[in-house]
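Down below is the structure, laid out as C-alpha coordinates.
Chain IDs A, B, C and D follow the sequence of writing; residue 1 opens each chain.
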Amino acid sequence: MRFDTVKIIFTDVDGVLTNGDLLVLNNGLYGKIFNTRDGLGIEKAIAYGIKIYWITGRSDYATKIRAEELGCKYVFTNGRTKEDLIKNILNEAKLKKDNAIFVGDDITDVRAKSVVKYFLVPQDGHKKARESADLIINKNGGKGVLREVIDLILNEE
Amino acid sequence: MRFDTVKIIFTDVDGVLTNGDLLVLNNGLYGKIFNTRDGLGIEKAIAYGIKIYWITGRSDYATKIRAEELGCKYVFTNGRTKEDLIKNILNEAKLKKDNAIFVGDDITDVRAKSVVKYFLVPQDGHKKARESADLIINKNGGKGVLREVIDLILNEE
Amino acid sequence: MRFDTVKIIFTDVDGVLTNGDLLVLNNGLYGKIFNTRDGLGIEKAIAYGIKIYWITGRSDYATKIRAEELGCKYVFTNGRTKEDLIKNILNEAKLKKDNAIFVGDDITDVRAKSVVKYFLVPQDGHKKARESADLIINKNGGKGVLREVIDLILNEE
Amino acid sequence: MRFDTVKIIFTDVDGVLTNGDLLVLNNGLYGKIFNTRDGLGIEKAIAYGIKIYWITGRSDYATKIRAEELGCKYVFTNGRTKEDLIKNILNEAKLKKDNAIFVGDDITDVRAKSVVKYFLVPQDGHKKARESADLIINKNGGKGVLREVIDLILNEE
(Lines give C-alpha, C1' and ligand atoms only; values in the text may rest on other atoms or scores of the structure.)
Protein backbone atom coordinates (compact mmCIF):
# COMPACT_ATOMS: atom_id res chain seq x y z
CA MET A 1 0.00 0.00 0.00
CA ARG A 2 1.22 3.49 -0.80
CA PHE A 3 0.42 6.37 1.51
CA ASP A 4 2.53 9.08 -0.19
CA THR A 5 -0.52 10.77 -1.76
CA VAL A 6 -2.37 11.05 1.56
CA LYS A 7 -3.08 14.64 2.58
CA ILE A 8 -6.19 14.19 4.68
CA ILE A 9 -7.29 11.61 7.24
CA PHE A 10 -10.94 11.08 8.14
CA THR A 11 -11.52 9.11 11.30
CA ASP A 12 -14.54 7.82 13.12
CA VAL A 13 -14.44 8.45 16.89
CA ASP A 14 -16.16 5.71 18.96
CA GLY A 15 -14.39 2.39 18.43
CA VAL A 16 -11.40 4.02 16.72
CA LEU A 17 -10.13 6.86 18.92
CA THR A 18 -11.87 5.19 21.88
CA ASN A 19 -12.70 1.54 22.55
CA GLY A 20 -16.38 2.48 22.44
CA ASP A 21 -16.60 3.03 26.17
CA LEU A 22 -18.89 5.80 27.31
CA LEU A 23 -18.67 6.88 30.95
CA VAL A 24 -21.95 8.13 32.39
CA LEU A 25 -21.96 9.77 35.83
CA ASN A 26 -25.10 9.86 37.92
CA ASN A 27 -25.22 13.66 37.70
CA GLY A 28 -25.63 13.41 33.92
CA LEU A 29 -22.00 14.11 32.92
CA TYR A 30 -20.54 12.03 30.11
CA GLY A 31 -16.95 11.10 29.40
CA LYS A 32 -14.84 9.35 26.81
CA ILE A 33 -11.39 7.88 27.06
CA PHE A 34 -8.93 8.94 24.38
CA ASN A 35 -5.30 7.84 24.19
CA THR A 36 -2.24 10.06 24.31
CA ARG A 37 -0.49 7.79 21.79
CA ASP A 38 -2.98 8.96 19.18
CA GLY A 39 -2.39 12.51 20.40
CA LEU A 40 1.36 12.31 19.73
CA GLY A 41 0.77 10.88 16.26
CA ILE A 42 -1.81 13.51 15.39
CA GLU A 43 0.53 16.33 16.38
CA LYS A 44 3.24 14.84 14.15
CA ALA A 45 0.89 14.36 11.18
CA ILE A 46 -0.39 17.94 11.45
CA ALA A 47 3.17 19.27 11.65
CA TYR A 48 3.81 17.27 8.48
CA GLY A 49 0.91 19.09 6.75
CA ILE A 50 -1.78 16.42 6.97
CA LYS A 51 -5.32 17.50 7.85
CA ILE A 52 -7.35 15.35 10.24
CA TYR A 53 -11.14 15.29 10.52
CA TRP A 54 -13.00 13.50 13.31
CA ILE A 55 -16.43 12.46 12.03
CA THR A 56 -18.97 11.22 14.52
CA GLY A 57 -22.62 10.26 14.45
CA ARG A 58 -22.97 11.13 18.13
CA SER A 59 -22.82 14.80 19.09
CA ASP A 60 -20.49 15.03 22.04
CA TYR A 61 -18.76 17.97 23.65
CA ALA A 62 -15.95 15.87 25.16
CA THR A 63 -15.01 14.71 21.67
CA LYS A 64 -15.10 18.26 20.34
CA ILE A 65 -12.82 19.44 23.16
CA ARG A 66 -10.25 16.75 22.49
CA ALA A 67 -10.36 17.10 18.67
CA GLU A 68 -9.79 20.84 18.79
CA GLU A 69 -7.09 20.60 21.47
CA LEU A 70 -5.13 18.45 19.02
CA GLY A 71 -5.73 20.74 16.03
CA CYS A 72 -8.26 18.45 14.34
CA LYS A 73 -11.66 19.33 12.88
CA TYR A 74 -14.70 17.99 14.72
CA VAL A 75 -17.60 17.09 12.42
CA PHE A 76 -20.97 15.89 13.71
CA THR A 77 -22.86 14.04 10.96
CA ASN A 78 -26.23 15.31 12.19
CA GLY A 79 -28.11 12.88 9.95
CA ARG A 80 -25.87 13.19 6.88
CA THR A 81 -23.95 10.12 5.69
CA LYS A 82 -20.22 9.98 6.28
CA GLU A 83 -19.57 9.45 2.54
CA ASP A 84 -21.44 12.64 1.63
CA LEU A 85 -19.62 14.62 4.29
CA ILE A 86 -16.24 13.34 3.13
CA LYS A 87 -17.01 14.14 -0.53
CA ASN A 88 -18.02 17.69 0.39
CA ILE A 89 -14.95 18.28 2.52
CA LEU A 90 -12.66 16.96 -0.24
CA ASN A 91 -14.37 19.21 -2.81
CA GLU A 92 -14.03 22.30 -0.66
CA ALA A 93 -10.37 21.53 0.04
CA LYS A 94 -9.74 20.80 -3.67
CA LEU A 95 -8.49 17.35 -2.78
CA LYS A 96 -9.16 14.05 -4.53
CA LYS A 97 -10.19 10.61 -3.39
CA ASP A 98 -6.56 9.59 -3.79
CA ASN A 99 -5.55 12.10 -1.10
CA ALA A 100 -7.87 10.70 1.57
CA ILE A 101 -8.07 7.72 3.89
CA PHE A 102 -10.85 6.84 6.31
CA VAL A 103 -10.55 4.92 9.57
CA GLY A 104 -13.78 3.36 10.83
CA ASP A 105 -14.86 0.36 12.88
CA ASP A 106 -18.52 -0.36 12.23
CA ILE A 107 -21.11 -1.28 9.59
CA THR A 108 -22.17 2.32 9.07
CA ASP A 109 -18.60 3.22 8.13
CA VAL A 110 -18.27 0.76 5.27
CA ARG A 111 -20.03 2.83 2.60
CA ALA A 112 -17.52 5.66 3.05
CA LYS A 113 -14.93 3.28 1.60
CA SER A 114 -16.04 4.31 -1.90
CA VAL A 115 -14.99 7.96 -1.48
CA VAL A 116 -11.44 7.49 -0.14
CA LYS A 117 -8.25 5.76 -1.25
CA TYR A 118 -8.09 3.31 1.66
CA PHE A 119 -10.54 2.19 4.32
CA LEU A 120 -8.72 1.11 7.50
CA VAL A 121 -10.29 -0.79 10.39
CA PRO A 122 -9.10 -1.43 13.98
CA GLN A 123 -8.28 -4.99 14.96
CA ASP A 124 -11.46 -5.23 17.03
CA GLY A 125 -13.74 -3.55 14.48
CA HIS A 126 -17.08 -5.11 13.52
CA LYS A 127 -16.73 -8.23 11.36
CA LYS A 128 -18.50 -6.57 8.46
CA ALA A 129 -16.13 -3.59 8.63
CA ARG A 130 -13.08 -5.83 8.77
CA GLU A 131 -14.30 -7.76 5.74
CA SER A 132 -14.37 -4.52 3.73
CA ALA A 133 -11.08 -3.13 5.02
CA ASP A 134 -8.16 -2.34 2.74
CA LEU A 135 -6.02 -2.76 5.85
CA ILE A 136 -6.70 -4.04 9.35
CA ILE A 137 -4.74 -2.13 11.98
CA ASN A 138 -2.93 -4.13 14.67
CA LYS A 139 -4.19 -2.01 17.55
CA ASN A 140 -7.66 -2.18 19.06
CA GLY A 141 -9.88 0.89 19.18
CA GLY A 142 -8.73 3.42 21.78
CA LYS A 143 -5.28 1.85 22.06
CA GLY A 144 -3.43 3.85 19.40
CA VAL A 145 -5.17 2.96 16.11
CA LEU A 146 -4.66 6.39 14.56
CA ARG A 147 -1.07 6.49 15.78
CA GLU A 148 -0.37 3.24 13.95
CA VAL A 149 -1.97 4.68 10.79
CA ILE A 150 0.12 7.84 11.07
CA ASP A 151 3.30 5.84 11.72
CA LEU A 152 2.58 4.00 8.46
CA ILE A 153 2.11 7.26 6.56
CA LEU A 154 5.24 8.86 8.06
CA ASN A 155 7.28 5.65 7.85
CA GLU A 156 7.84 5.53 11.61
CA GLU A 157 6.32 2.14 12.26
CA MET B 1 -31.75 -21.01 17.29
CA ARG B 2 -34.53 -18.95 15.76
CA PHE B 3 -34.93 -15.30 16.68
CA ASP B 4 -37.70 -14.38 14.22
CA THR B 5 -40.39 -14.36 16.90
CA VAL B 6 -38.45 -11.98 19.15
CA LYS B 7 -40.25 -8.68 19.77
CA ILE B 8 -38.86 -7.72 23.15
CA ILE B 9 -35.41 -7.92 24.73
CA PHE B 10 -34.91 -7.86 28.49
CA THR B 11 -31.37 -7.20 29.60
CA ASP B 12 -29.58 -7.03 32.90
CA VAL B 13 -27.28 -4.00 33.24
CA ASP B 14 -24.18 -4.68 35.39
CA GLY B 15 -22.05 -7.38 33.77
CA VAL B 16 -24.00 -7.23 30.49
CA LEU B 17 -24.15 -3.61 29.35
CA THR B 18 -21.13 -2.89 31.55
CA ASN B 19 -18.29 -5.14 32.68
CA GLY B 20 -19.50 -4.69 36.25
CA ASP B 21 -17.21 -1.77 36.93
CA LEU B 22 -18.57 0.93 39.18
CA LEU B 23 -16.65 4.20 39.36
CA VAL B 24 -16.91 5.96 42.73
CA LEU B 25 -15.55 9.49 43.08
CA ASN B 26 -14.54 10.85 46.46
CA ASN B 27 -17.29 13.46 46.31
CA GLY B 28 -19.89 10.71 46.23
CA LEU B 29 -20.59 10.69 42.47
CA TYR B 30 -21.01 7.33 40.78
CA GLY B 31 -20.40 6.33 37.19
CA LYS B 32 -20.78 3.38 34.88
CA ILE B 33 -19.13 2.61 31.59
CA PHE B 34 -21.45 1.68 28.74
CA ASN B 35 -20.36 0.92 25.19
CA THR B 36 -21.36 2.75 22.03
CA ARG B 37 -21.41 -0.54 20.11
CA ASP B 38 -24.42 -1.57 22.17
CA GLY B 39 -25.86 1.88 21.53
CA LEU B 40 -25.70 1.45 17.73
CA GLY B 41 -27.30 -1.98 17.96
CA ILE B 42 -30.06 -0.76 20.25
CA GLU B 43 -30.96 2.07 17.88
CA LYS B 44 -31.18 -0.42 15.01
CA ALA B 45 -33.31 -2.87 16.97
CA ILE B 46 -35.72 -0.14 18.05
CA ALA B 47 -36.00 1.15 14.47
CA TYR B 48 -36.85 -2.45 13.55
CA GLY B 49 -39.70 -2.43 16.08
CA ILE B 50 -38.12 -4.35 18.93
CA LYS B 51 -38.69 -3.12 22.49
CA ILE B 52 -35.79 -3.15 24.94
CA TYR B 53 -36.08 -3.18 28.74
CA TRP B 54 -33.11 -2.68 31.04
CA ILE B 55 -33.78 -4.46 34.34
CA THR B 56 -31.50 -3.80 37.26
CA GLY B 57 -31.39 -4.69 40.92
CA ARG B 58 -29.39 -1.57 41.70
CA SER B 59 -31.17 1.78 41.43
CA ASP B 60 -28.87 4.06 39.49
CA TYR B 61 -29.45 7.38 37.81
CA ALA B 62 -26.54 6.99 35.34
CA THR B 63 -28.16 3.81 34.04
CA LYS B 64 -31.55 5.50 33.74
CA ILE B 65 -30.00 8.38 31.78
CA ARG B 66 -28.30 6.05 29.30
CA ALA B 67 -31.31 3.73 28.90
CA GLU B 68 -33.69 6.57 28.13
CA GLU B 69 -31.22 8.34 25.81
CA LEU B 70 -31.25 5.17 23.70
CA GLY B 71 -35.05 4.79 23.77
CA CYS B 72 -35.05 1.86 26.19
CA LYS B 73 -37.18 1.37 29.30
CA TYR B 74 -35.36 1.50 32.64
CA VAL B 75 -36.80 -0.85 35.27
CA PHE B 76 -35.51 -1.00 38.86
CA THR B 77 -36.50 -4.30 40.47
CA ASN B 78 -36.94 -2.68 43.89
CA GLY B 79 -37.15 -6.06 45.59
CA ARG B 80 -39.28 -7.84 42.98
CA THR B 81 -37.80 -10.79 41.11
CA LYS B 82 -36.78 -10.35 37.48
CA GLU B 83 -39.02 -13.25 36.40
CA ASP B 84 -42.11 -11.61 37.94
CA LEU B 85 -41.26 -8.27 36.35
CA ILE B 86 -40.78 -9.84 32.93
CA LYS B 87 -44.05 -11.77 33.18
CA ASN B 88 -45.95 -8.60 34.09
CA ILE B 89 -44.39 -6.58 31.29
CA LEU B 90 -45.17 -9.32 28.75
CA ASN B 91 -48.78 -9.49 29.96
CA GLU B 92 -49.28 -5.74 29.72
CA ALA B 93 -47.73 -5.66 26.23
CA LYS B 94 -49.83 -8.70 25.19
CA LEU B 95 -46.67 -10.56 24.26
CA LYS B 96 -45.80 -14.20 24.91
CA LYS B 97 -42.78 -16.01 26.29
CA ASP B 98 -41.89 -16.87 22.70
CA ASN B 99 -41.50 -13.15 21.88
CA ALA B 100 -38.96 -12.47 24.61
CA ILE B 101 -35.31 -13.08 25.32
CA PHE B 102 -33.35 -12.22 28.43
CA VAL B 103 -29.65 -11.40 28.67
CA GLY B 104 -28.12 -11.81 32.12
CA ASP B 105 -24.76 -12.67 33.64
CA ASP B 106 -25.23 -13.81 37.22
CA ILE B 107 -26.87 -16.38 39.48
CA THR B 108 -29.84 -14.15 40.26
CA ASP B 109 -30.64 -13.96 36.54
CA VAL B 110 -30.98 -17.70 35.99
CA ARG B 111 -34.55 -18.06 37.27
CA ALA B 112 -35.81 -15.58 34.67
CA LYS B 113 -34.88 -18.19 32.06
CA SER B 114 -38.26 -19.86 32.65
CA VAL B 115 -40.30 -16.87 31.44
CA VAL B 116 -38.51 -16.14 28.12
CA LYS B 117 -37.71 -18.03 24.93
CA TYR B 118 -33.93 -17.83 25.31
CA PHE B 119 -31.58 -16.94 28.15
CA LEU B 120 -28.31 -15.50 26.82
CA VAL B 121 -25.15 -15.01 28.87
CA PRO B 122 -21.95 -12.99 28.18
CA GLN B 123 -18.71 -14.89 27.70
CA ASP B 124 -17.50 -13.79 31.15
CA GLY B 125 -20.78 -14.39 32.97
CA HIS B 126 -20.87 -16.34 36.24
CA LYS B 127 -20.26 -20.07 35.80
CA LYS B 128 -23.74 -20.91 37.09
CA ALA B 129 -25.32 -18.51 34.58
CA ARG B 130 -23.27 -19.92 31.70
CA GLU B 131 -24.32 -23.45 32.66
CA SER B 132 -27.98 -22.43 32.27
CA ALA B 133 -27.55 -20.39 29.10
CA ASP B 134 -29.32 -21.23 25.85
CA LEU B 135 -26.49 -19.35 24.17
CA ILE B 136 -23.20 -17.93 25.37
CA ILE B 137 -22.33 -14.67 23.65
CA ASN B 138 -18.77 -14.23 22.34
CA LYS B 139 -18.32 -10.77 23.84
CA ASN B 140 -17.59 -10.01 27.46
CA GLY B 141 -19.89 -7.78 29.50
CA GLY B 142 -19.56 -4.12 28.54
CA LYS B 143 -17.83 -4.93 25.25
CA GLY B 144 -20.86 -5.20 22.95
CA VAL B 145 -22.85 -8.15 24.30
CA LEU B 146 -26.23 -6.67 23.40
CA ARG B 147 -24.92 -5.60 20.00
CA GLU B 148 -23.95 -9.19 19.26
CA VAL B 149 -27.42 -10.35 20.35
CA ILE B 150 -29.09 -7.76 18.11
CA ASP B 151 -26.82 -8.65 15.17
CA LEU B 152 -28.03 -12.25 15.59
CA ILE B 153 -31.67 -11.15 15.59
CA LEU B 154 -31.25 -8.84 12.59
CA ASN B 155 -28.92 -11.24 10.74
CA GLU B 156 -26.06 -8.75 10.68
CA GLU B 157 -23.50 -10.86 12.44
CA MET C 1 -9.42 -26.09 52.26
CA ARG C 2 -12.31 -25.74 54.67
CA PHE C 3 -14.17 -22.47 54.96
CA ASP C 4 -16.95 -23.59 57.32
CA THR C 5 -15.42 -21.86 60.34
CA VAL C 6 -15.13 -18.50 58.57
CA LYS C 7 -17.17 -15.75 60.22
CA ILE C 8 -15.19 -12.68 59.22
CA ILE C 9 -13.43 -11.60 56.03
CA PHE C 10 -10.69 -8.99 56.03
CA THR C 11 -9.85 -7.58 52.64
CA ASP C 12 -7.34 -5.15 51.26
CA VAL C 13 -8.83 -2.59 48.86
CA ASP C 14 -6.39 -1.50 46.10
CA GLY C 15 -5.42 -4.47 43.96
CA VAL C 16 -8.16 -6.68 45.44
CA LEU C 17 -11.47 -4.81 45.23
CA THR C 18 -9.95 -2.66 42.47
CA ASN C 19 -7.21 -3.42 39.95
CA GLY C 20 -5.10 -0.71 41.57
CA ASP C 21 -6.28 2.00 39.22
CA LEU C 22 -6.68 5.45 40.70
CA LEU C 23 -8.49 8.05 38.63
CA VAL C 24 -7.30 11.60 39.20
CA LEU C 25 -9.25 14.49 37.68
CA ASN C 26 -7.59 17.82 37.04
CA ASN C 27 -9.86 19.51 39.58
CA GLY C 28 -8.40 17.33 42.32
CA LEU C 29 -11.19 14.74 42.53
CA TYR C 30 -10.18 11.10 42.92
CA GLY C 31 -12.02 7.97 41.92
CA LYS C 32 -11.75 4.21 42.19
CA ILE C 33 -13.38 1.50 40.16
CA PHE C 34 -15.12 -1.23 42.15
CA ASN C 35 -17.02 -4.15 40.64
CA THR C 36 -20.67 -5.00 41.11
CA ARG C 37 -19.84 -8.73 41.11
CA ASP C 38 -18.06 -8.19 44.42
CA GLY C 39 -21.08 -6.18 45.55
CA LEU C 40 -23.48 -9.06 44.93
CA GLY C 41 -21.20 -11.49 46.75
CA ILE C 42 -20.77 -9.16 49.70
CA GLU C 43 -24.53 -8.74 50.11
CA LYS C 44 -24.94 -12.53 50.10
CA ALA C 45 -22.16 -13.08 52.63
CA ILE C 46 -23.55 -10.45 54.97
CA ALA C 47 -27.06 -11.96 54.69
CA TYR C 48 -25.39 -15.26 55.64
CA GLY C 49 -24.00 -13.64 58.80
CA ILE C 50 -20.40 -13.04 57.74
CA LYS C 51 -18.77 -9.75 58.68
CA ILE C 52 -16.56 -7.99 56.13
CA TYR C 53 -13.85 -5.44 56.91
CA TRP C 54 -12.11 -3.37 54.24
CA ILE C 55 -8.61 -2.46 55.46
CA THR C 56 -6.64 0.10 53.53
CA GLY C 57 -3.36 1.94 53.96
CA ARG C 58 -4.68 4.84 51.87
CA SER C 59 -7.37 7.02 53.40
CA ASP C 60 -9.99 7.48 50.74
CA TYR C 61 -13.54 8.74 50.89
CA ALA C 62 -14.65 6.92 47.70
CA THR C 63 -13.64 3.64 49.34
CA LYS C 64 -15.48 4.53 52.56
CA ILE C 65 -18.65 5.36 50.58
CA ARG C 66 -18.62 2.06 48.72
CA ALA C 67 -17.74 -0.06 51.79
CA GLU C 68 -20.55 1.39 53.87
CA GLU C 69 -23.09 1.22 51.01
CA LEU C 70 -22.47 -2.54 50.97
CA GLY C 71 -22.68 -2.92 54.75
CA CYS C 72 -18.95 -3.44 55.27
CA LYS C 73 -16.67 -1.78 57.79
CA TYR C 74 -14.10 0.66 56.41
CA VAL C 75 -10.81 0.67 58.34
CA PHE C 76 -7.94 3.04 57.54
CA THR C 77 -4.67 1.67 58.93
CA ASN C 78 -3.36 5.17 59.71
CA GLY C 79 0.13 3.85 60.36
CA ARG C 80 -0.85 0.68 62.24
CA THR C 81 0.00 -2.70 60.72
CA LYS C 82 -2.77 -4.78 59.21
CA GLU C 83 -1.90 -7.73 61.45
CA ASP C 84 -2.32 -5.63 64.61
CA LEU C 85 -5.62 -4.23 63.37
CA ILE C 86 -6.94 -7.68 62.54
CA LYS C 87 -5.91 -9.08 65.94
CA ASN C 88 -7.68 -6.21 67.73
CA ILE C 89 -10.85 -6.56 65.69
CA LEU C 90 -10.92 -10.33 66.30
CA ASN C 91 -10.44 -9.80 70.06
CA GLU C 92 -13.22 -7.24 70.28
CA ALA C 93 -15.58 -9.48 68.28
CA LYS C 94 -14.57 -12.50 70.42
CA LEU C 95 -13.54 -14.37 67.29
CA LYS C 96 -10.49 -16.57 66.73
CA LYS C 97 -7.85 -16.81 64.04
CA ASP C 98 -9.75 -19.82 62.73
CA ASN C 99 -12.79 -17.62 62.02
CA ALA C 100 -10.93 -15.15 59.82
CA ILE C 101 -9.50 -14.98 56.32
CA PHE C 102 -7.58 -12.14 54.73
CA VAL C 103 -7.44 -11.22 51.05
CA GLY C 104 -4.45 -9.12 50.01
CA ASP C 105 -2.30 -8.56 46.94
CA ASP C 106 0.97 -7.00 47.95
CA ILE C 107 4.14 -7.41 50.03
CA THR C 108 2.75 -5.37 52.93
CA ASP C 109 -0.15 -7.80 53.22
CA VAL C 110 1.95 -10.93 53.72
CA ARG C 111 2.61 -10.48 57.44
CA ALA C 112 -1.12 -10.49 58.19
CA LYS C 113 -1.10 -14.13 57.11
CA SER C 114 -0.02 -15.10 60.61
CA VAL C 115 -3.21 -13.81 62.29
CA VAL C 116 -5.83 -15.45 60.05
CA LYS C 117 -6.76 -18.97 58.96
CA TYR C 118 -6.09 -18.39 55.26
CA PHE C 119 -4.33 -15.71 53.25
CA LEU C 120 -5.81 -15.41 49.75
CA VAL C 121 -4.23 -13.53 46.84
CA PRO C 122 -5.65 -12.37 43.48
CA GLN C 123 -4.27 -13.94 40.31
CA ASP C 124 -2.35 -10.75 39.50
CA GLY C 125 -1.08 -10.11 43.02
CA HIS C 126 2.60 -9.31 43.67
CA LYS C 127 4.89 -12.31 43.23
CA LYS C 128 5.90 -12.20 46.90
CA ALA C 129 2.24 -12.22 47.98
CA ARG C 130 1.41 -15.12 45.67
CA GLU C 131 4.35 -17.11 47.06
CA SER C 132 2.87 -16.80 50.56
CA ALA C 133 -0.74 -17.43 49.59
CA ASP C 134 -2.75 -20.32 50.98
CA LEU C 135 -4.87 -19.96 47.86
CA ILE C 136 -4.49 -17.96 44.65
CA ILE C 137 -7.84 -16.69 43.36
CA ASN C 138 -8.59 -17.12 39.63
CA LYS C 139 -9.79 -13.54 39.16
CA ASN C 140 -7.59 -10.49 38.88
CA GLY C 141 -7.94 -7.57 41.28
CA GLY C 142 -11.08 -5.53 40.61
CA LYS C 143 -12.66 -8.27 38.50
CA GLY C 144 -14.55 -10.16 41.21
CA VAL C 145 -11.84 -11.49 43.56
CA LEU C 146 -13.97 -11.18 46.68
CA ARG C 147 -16.98 -12.65 44.89
CA GLU C 148 -14.93 -15.74 44.05
CA VAL C 149 -13.84 -15.99 47.70
CA ILE C 150 -17.44 -15.69 48.89
CA ASP C 151 -18.64 -18.24 46.32
CA LEU C 152 -16.07 -20.64 47.79
CA ILE C 153 -17.30 -19.99 51.33
CA LEU C 154 -20.98 -20.32 50.38
CA ASN C 155 -20.37 -23.24 47.99
CA GLU C 156 -21.72 -21.32 45.00
CA GLU C 157 -18.66 -21.57 42.81
CA MET D 1 22.35 -5.07 35.01
CA ARG D 2 23.44 -3.31 38.15
CA PHE D 3 21.17 -0.81 39.85
CA ASP D 4 23.26 -0.14 42.98
CA THR D 5 24.49 3.24 41.74
CA VAL D 6 20.96 4.51 41.03
CA LYS D 7 20.01 7.56 43.07
CA ILE D 8 17.48 9.20 40.80
CA ILE D 9 14.68 7.92 38.58
CA PHE D 10 13.28 9.94 35.71
CA THR D 11 10.00 8.72 34.35
CA ASP D 12 7.70 9.68 31.53
CA VAL D 13 4.02 9.85 32.52
CA ASP D 14 1.64 8.88 29.68
CA GLY D 15 2.24 5.29 28.63
CA VAL D 16 4.43 4.57 31.68
CA LEU D 17 2.55 5.65 34.80
CA THR D 18 -0.68 5.43 32.81
CA ASN D 19 -1.62 3.28 29.82
CA GLY D 20 -1.98 6.45 27.77
CA ASP D 21 -5.69 6.78 28.46
CA LEU D 22 -7.01 10.30 28.83
CA LEU D 23 -10.51 10.71 30.20
CA VAL D 24 -12.34 13.77 28.87
CA LEU D 25 -15.67 14.76 30.43
CA ASN D 26 -18.16 16.84 28.50
CA ASN D 27 -17.79 19.71 30.98
CA GLY D 28 -14.12 20.04 30.03
CA LEU D 29 -12.62 18.15 32.97
CA TYR D 30 -9.72 15.80 32.25
CA GLY D 31 -8.58 12.74 34.13
CA LYS D 32 -5.80 10.19 34.12
CA ILE D 33 -5.63 6.75 35.65
CA PHE D 34 -2.60 6.02 37.80
CA ASN D 35 -1.96 2.78 39.67
CA THR D 36 -1.57 2.32 43.39
CA ARG D 37 1.08 -0.38 42.80
CA ASP D 38 3.36 2.33 41.45
CA GLY D 39 2.40 4.43 44.45
CA LEU D 40 3.57 1.80 46.93
CA GLY D 41 6.84 1.36 45.07
CA ILE D 42 7.46 5.08 44.88
CA GLU D 43 6.95 5.51 48.62
CA LYS D 44 9.44 2.72 49.28
CA ALA D 45 12.03 4.14 46.87
CA ILE D 46 11.76 7.60 48.41
CA ALA D 47 12.09 6.16 51.93
CA TYR D 48 15.25 4.46 50.62
CA GLY D 49 16.63 7.85 49.53
CA ILE D 50 15.94 7.71 45.79
CA LYS D 51 14.61 10.85 44.09
CA ILE D 52 11.89 10.51 41.48
CA TYR D 53 11.10 13.01 38.72
CA TRP D 54 8.00 12.80 36.54
CA ILE D 55 8.74 14.43 33.18
CA THR D 56 5.88 15.10 30.81
CA GLY D 57 5.40 16.87 27.52
CA ARG D 58 1.76 17.53 28.35
CA SER D 59 1.00 20.06 31.08
CA ASP D 60 -1.59 18.47 33.30
CA TYR D 61 -2.82 19.34 36.76
CA ALA D 62 -4.04 15.79 37.54
CA THR D 63 -0.50 14.53 36.97
CA LYS D 64 0.97 17.28 39.16
CA ILE D 65 -1.46 16.42 41.98
CA ARG D 66 -0.55 12.74 41.91
CA ALA D 67 3.22 13.31 41.58
CA GLU D 68 3.34 15.66 44.54
CA GLU D 69 1.05 13.49 46.69
CA LEU D 70 3.66 10.73 46.30
CA GLY D 71 6.62 12.99 47.04
CA CYS D 72 7.84 13.15 43.45
CA LYS D 73 8.86 16.18 41.42
CA TYR D 74 6.56 17.14 38.54
CA VAL D 75 8.40 18.59 35.52
CA PHE D 76 6.60 19.92 32.44
CA THR D 77 9.00 20.01 29.46
CA ASN D 78 7.37 23.15 28.05
CA GLY D 79 9.22 22.77 24.75
CA ARG D 80 12.58 21.69 26.18
CA THR D 81 13.89 18.20 25.34
CA LYS D 82 13.82 15.53 28.02
CA GLU D 83 17.58 14.93 27.63
CA ASP D 84 18.36 18.60 28.34
CA LEU D 85 16.07 18.64 31.33
CA ILE D 86 17.62 15.49 32.76
CA LYS D 87 21.17 16.82 32.28
CA ASN D 88 20.28 20.07 34.07
CA ILE D 89 18.61 18.28 36.96
CA LEU D 90 21.59 15.92 37.36
CA ASN D 91 24.01 18.88 37.32
CA GLU D 92 22.05 20.79 39.94
CA ALA D 93 21.81 17.70 42.15
CA LYS D 94 25.54 16.98 41.62
CA LEU D 95 24.68 13.53 40.32
CA LYS D 96 26.19 11.67 37.36
CA LYS D 97 24.76 9.77 34.41
CA ASP D 98 25.60 6.60 36.30
CA ASN D 99 23.18 7.59 39.09
CA ALA D 100 20.19 7.98 36.81
CA ILE D 101 17.73 5.81 34.95
CA PHE D 102 14.92 6.88 32.65
CA VAL D 103 11.64 5.07 31.98
CA GLY D 104 9.89 6.04 28.75
CA ASP D 105 7.60 4.47 26.19
CA ASP D 106 7.71 6.45 22.98
CA ILE D 107 9.93 7.69 20.14
CA THR D 108 10.45 11.09 21.76
CA ASP D 109 11.90 9.38 24.83
CA VAL D 110 14.69 7.51 23.02
CA ARG D 111 17.17 10.40 22.81
CA ALA D 112 17.19 10.74 26.61
CA LYS D 113 18.87 7.33 26.68
CA SER D 114 22.22 9.05 26.13
CA VAL D 115 22.13 10.99 29.41
CA VAL D 116 21.25 8.15 31.83
CA LYS D 117 22.70 4.80 32.81
CA TYR D 118 19.74 2.72 31.65
CA PHE D 119 16.71 3.40 29.45
CA LEU D 120 13.78 1.18 30.45
CA VAL D 121 10.63 0.67 28.39
CA PRO D 122 7.21 -0.83 29.28
CA GLN D 123 6.18 -4.06 27.60
CA ASP D 124 3.71 -2.20 25.40
CA GLY D 125 5.97 0.72 24.55
CA HIS D 126 6.41 1.91 20.96
CA LYS D 127 8.44 -0.49 18.80
CA LYS D 128 11.17 2.13 18.27
CA ALA D 129 11.45 2.69 22.04
CA ARG D 130 11.62 -1.03 22.75
CA GLU D 131 14.39 -1.43 20.15
CA SER D 132 16.51 1.12 22.05
CA ALA D 133 15.73 -0.17 25.54
CA ASP D 134 18.41 -1.44 27.89
CA LEU D 135 15.62 -3.39 29.56
CA ILE D 136 12.01 -4.08 28.65
CA ILE D 137 9.76 -4.18 31.70
CA ASN D 138 7.25 -7.03 31.99
CA LYS D 139 4.33 -4.80 32.90
CA ASN D 140 2.34 -2.66 30.48
CA GLY D 141 2.05 1.09 30.97
CA GLY D 142 -0.25 2.00 33.87
CA LYS D 143 -0.11 -1.50 35.32
CA GLY D 144 2.86 -1.13 37.66
CA VAL D 145 5.83 -0.41 35.38
CA LEU D 146 7.59 1.86 37.87
CA ARG D 147 6.86 -0.57 40.69
CA GLU D 148 8.64 -3.31 38.76
CA VAL D 149 11.60 -0.98 38.18
CA ILE D 150 11.77 -0.10 41.87
CA ASP D 151 11.46 -3.76 42.89
CA LEU D 152 14.52 -4.42 40.69
CA ILE D 153 16.46 -1.61 42.34
CA LEU D 154 15.48 -2.64 45.87
CA ASN D 155 15.81 -6.38 45.13
CA GLU D 156 12.16 -7.07 45.96
CA GLU D 157 11.17 -8.60 42.66
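A few points about this structure:
By definition in this document, a residue touches a chain if its C-beta (ideal position, glycine included) is under 8 Å from a C-beta of that chain, and two chains touch if they have at least 3 such contacts.
Fair warning: this is a prediction, and the values are worked out from it, not measured in the lab.
At the interface between chain A and chain D, two copies of one sequence, fewer than half of the residue numbers in use appear on both sides, so the contact is built from largely different positions. Look at where the CA atoms of chain A average out and do the same for chain C: the two points lie 42 Å apart. For the pair chain B and chain C, the distance between mean C-alpha positions equals 30 Å.
Residue positions 23, 25, 31 of chain A each touch two or more of the other chains. Taken as a contact graph, the chains are arranged in a single closed ring, with each chain touching exactly two others.
On the chain C side of its complex with chain B, the touching residues are 23, 25, 29-37, 39-40, 60-63, 65-66, 142-144, 156-157. The residues of chain B lying in touch with chain C in their complex are 14-15, 18-28, 31, 58, 106-108, 126-128.
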